């Protein structure tokens, strides 16, 4: 099994609802360093998991939908807590949709799985993994 | 599949028995940077894998049982080599016990697996993964 | 010359005013991983630059004044852009005040200089250095 | 499940064939920071996954076959693109052969799986995982 | 004193002349992770050291002159060893020229010093610092 | 001004005397990731700060005098607290002696300054800098 990972980041504001969040119920923010990992059983004819240029471009585009924004104002996230683990799924699902749309190239149709890790600090991060 | 990781560290002395350990048979020490990863299939109602505050508190408490000590003097480890890989299992098993005791919150009962990575230097680390 | 550094982090929301900031004029957020470095010419009688426990406690307390907040609402920062470089100075100046107040211990009076580095992502950070 | 990882690096020149590679079709180079991970279900009698000294020595030896070379001139790679993901498999397969030859010690025969991660920069890396 | 740092990378082939270089006399390659640090005594009216967007764009442009190339074929480097420390000076001097040309904005004329760090692996790096 | 840095590590046991050390008065241990930085005004005829191979070899040799040992038993450190900042000076002074002895090559006589950083964890480190 092979995988390829590209890293980018996003800077957002948000707040959480629920006593479990303590002071994070207040409006605050985070930098998420985002690792997107693409998995496949065998390499393509060019010896690639995926076109790394397209992978990086599409990851940046997806993060651009969130970047420099207050996620509390995003209608896609109305009424939900945009936790690190939840956002990892958002990014992974949006990458999966772009792969299905052919935006990561025809070769990307051979991918079997993607993982997204969101690092919120040097001491905490979350990952979501899904099949394609 | 989702996961959440929290990082802490512990500083211990110990020695090893067996020729395979070479100079590490002498009393020496290590800083272990410890990553505890909690896995579950679906997020809870708050969109969390686990209460990150409780996870960090309990990890620190478990490491506190080892921290600033000579592990050769710990009766729990009498006659065993406290290698990095062995200590990863010790921390994971103690976390599992605290999860079972409810110390990471009721939501933590939905966790399916935990992994503990102990980094002994910038060029070596070990991981233990177990079901819950 | 000796120095000692301790690391912590803070998660804030803020926005910037001025066309130079582009999309960062919108309300967004950041995690700042914060390194506070204490300098002195000679070690104290315990062979320390500063009491590392007190240094970490006071850094956490200073970051606690900012943590999980929207800096746009902080009266201390009314009408100013809370850029990474500006915040490095805020943290350094507040540390200097606590050193002068004796909160980092009597030994800390031998410190000559402090630096604060704020890392806003894996690809950008800022530092402020000042005499004591 | 246990694992142990050792890190080393290698510095090579190479070029790629195929339009997908863009400017990387030109002769260029890379430092690969290489993480070799060894997996097994249970620790051996010394509480080890593998003899870490032998693991590091053999990884260095394998990387030494590639180090400070132009991979375009290596007959083993004639007509193939030596992408990061491809090289991860090369290193993993060569480690597997050395394990089979007993070079990582008798205990290494209990290993079930190895993974090799090659980091080509701070923002991109690839992994290959195989059974033993 | 304030500083701001931006990070990028470049992937090159090259070889060295001289017995001191041992196997690095052969054609090989490197990824250099490059940190460019800009220093100034006081922040500008926007509370900035330098426009981070322009700084990143110009650093990428300078690295683009070297990226995916064999430095042995670059007439600028004919007859010289393109060591890590030498390349740090090349990048710093080219940044200084662009600052003088106004490409980093008018505010960048207040910069007093720049440093460039080139990381060739996880265990070796070099820095060049110069006045502006 | 140029600098070159090489990284290695050392694993030791030790204990501290004095109430300021709290639980670190007990016998414990640490991994120190050690960065040795060599400074000089101009590069030598090979475009080097120092022979990186000799620098790494000598750093490893110096750390080998401490590695896998209980520093409380080292007569060189009788009656002193082997704090991180103190050990940074020990390593720097021993490097300076080897430079004076010619062990880092004749070119190393052009070095003006060395710094040693000892990282005791992901959140704390110390540096000692001295002239040559």
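In this document, chain identifiers A, B, C, D, E and F correspond to the written order of the chains, with residue numbering beginning at 1 in each.
Everything below uses one rule, namely that a contact is a pair of C-beta atoms (placed from the backbone, for glycine too) under 8 Å apart; a residue touches a chain by one contact, two chains touch by 3 or more.
Remember, predicted model here, so these are calculated numbers, not experimental data.
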If more than half of the interface residue numbers appear on both sides, call it same; otherwise different. Which is it for chain C and chain E?
different
Enter the angle, 0 to 180° in steps of 5, of the rotation superposing CA atoms of chain C on those of chain F.
120
Relative to chain D, chain with the most remote C-alpha centre
C
Averaged over CA atoms, how far is the centre of chain E from the centre of chain F? Could you give it in whole Å?
27
Averaging over Cα atoms per chain, report the distance between chain D and chain F in Å.
31
Report the inter-centroid distance (CA atoms only) between chain B and chain E in whole Å.
41
Which positions in chain C touch two or more other chains at once?
7, 122-123
Complex contacts: residues of chain D adjacent to chain A
16, 18, 20-22, 80-86, 88-89, 122-130
Name, in rising order, each residue of chain E that touches chain D in their complex.
7, 9, 11-14, 23-24, 26-33, 67-70, 120-123
The chain B residues in contact with chain A across the complex are 1-8, 43, 46-49, 51-53, 56, 105
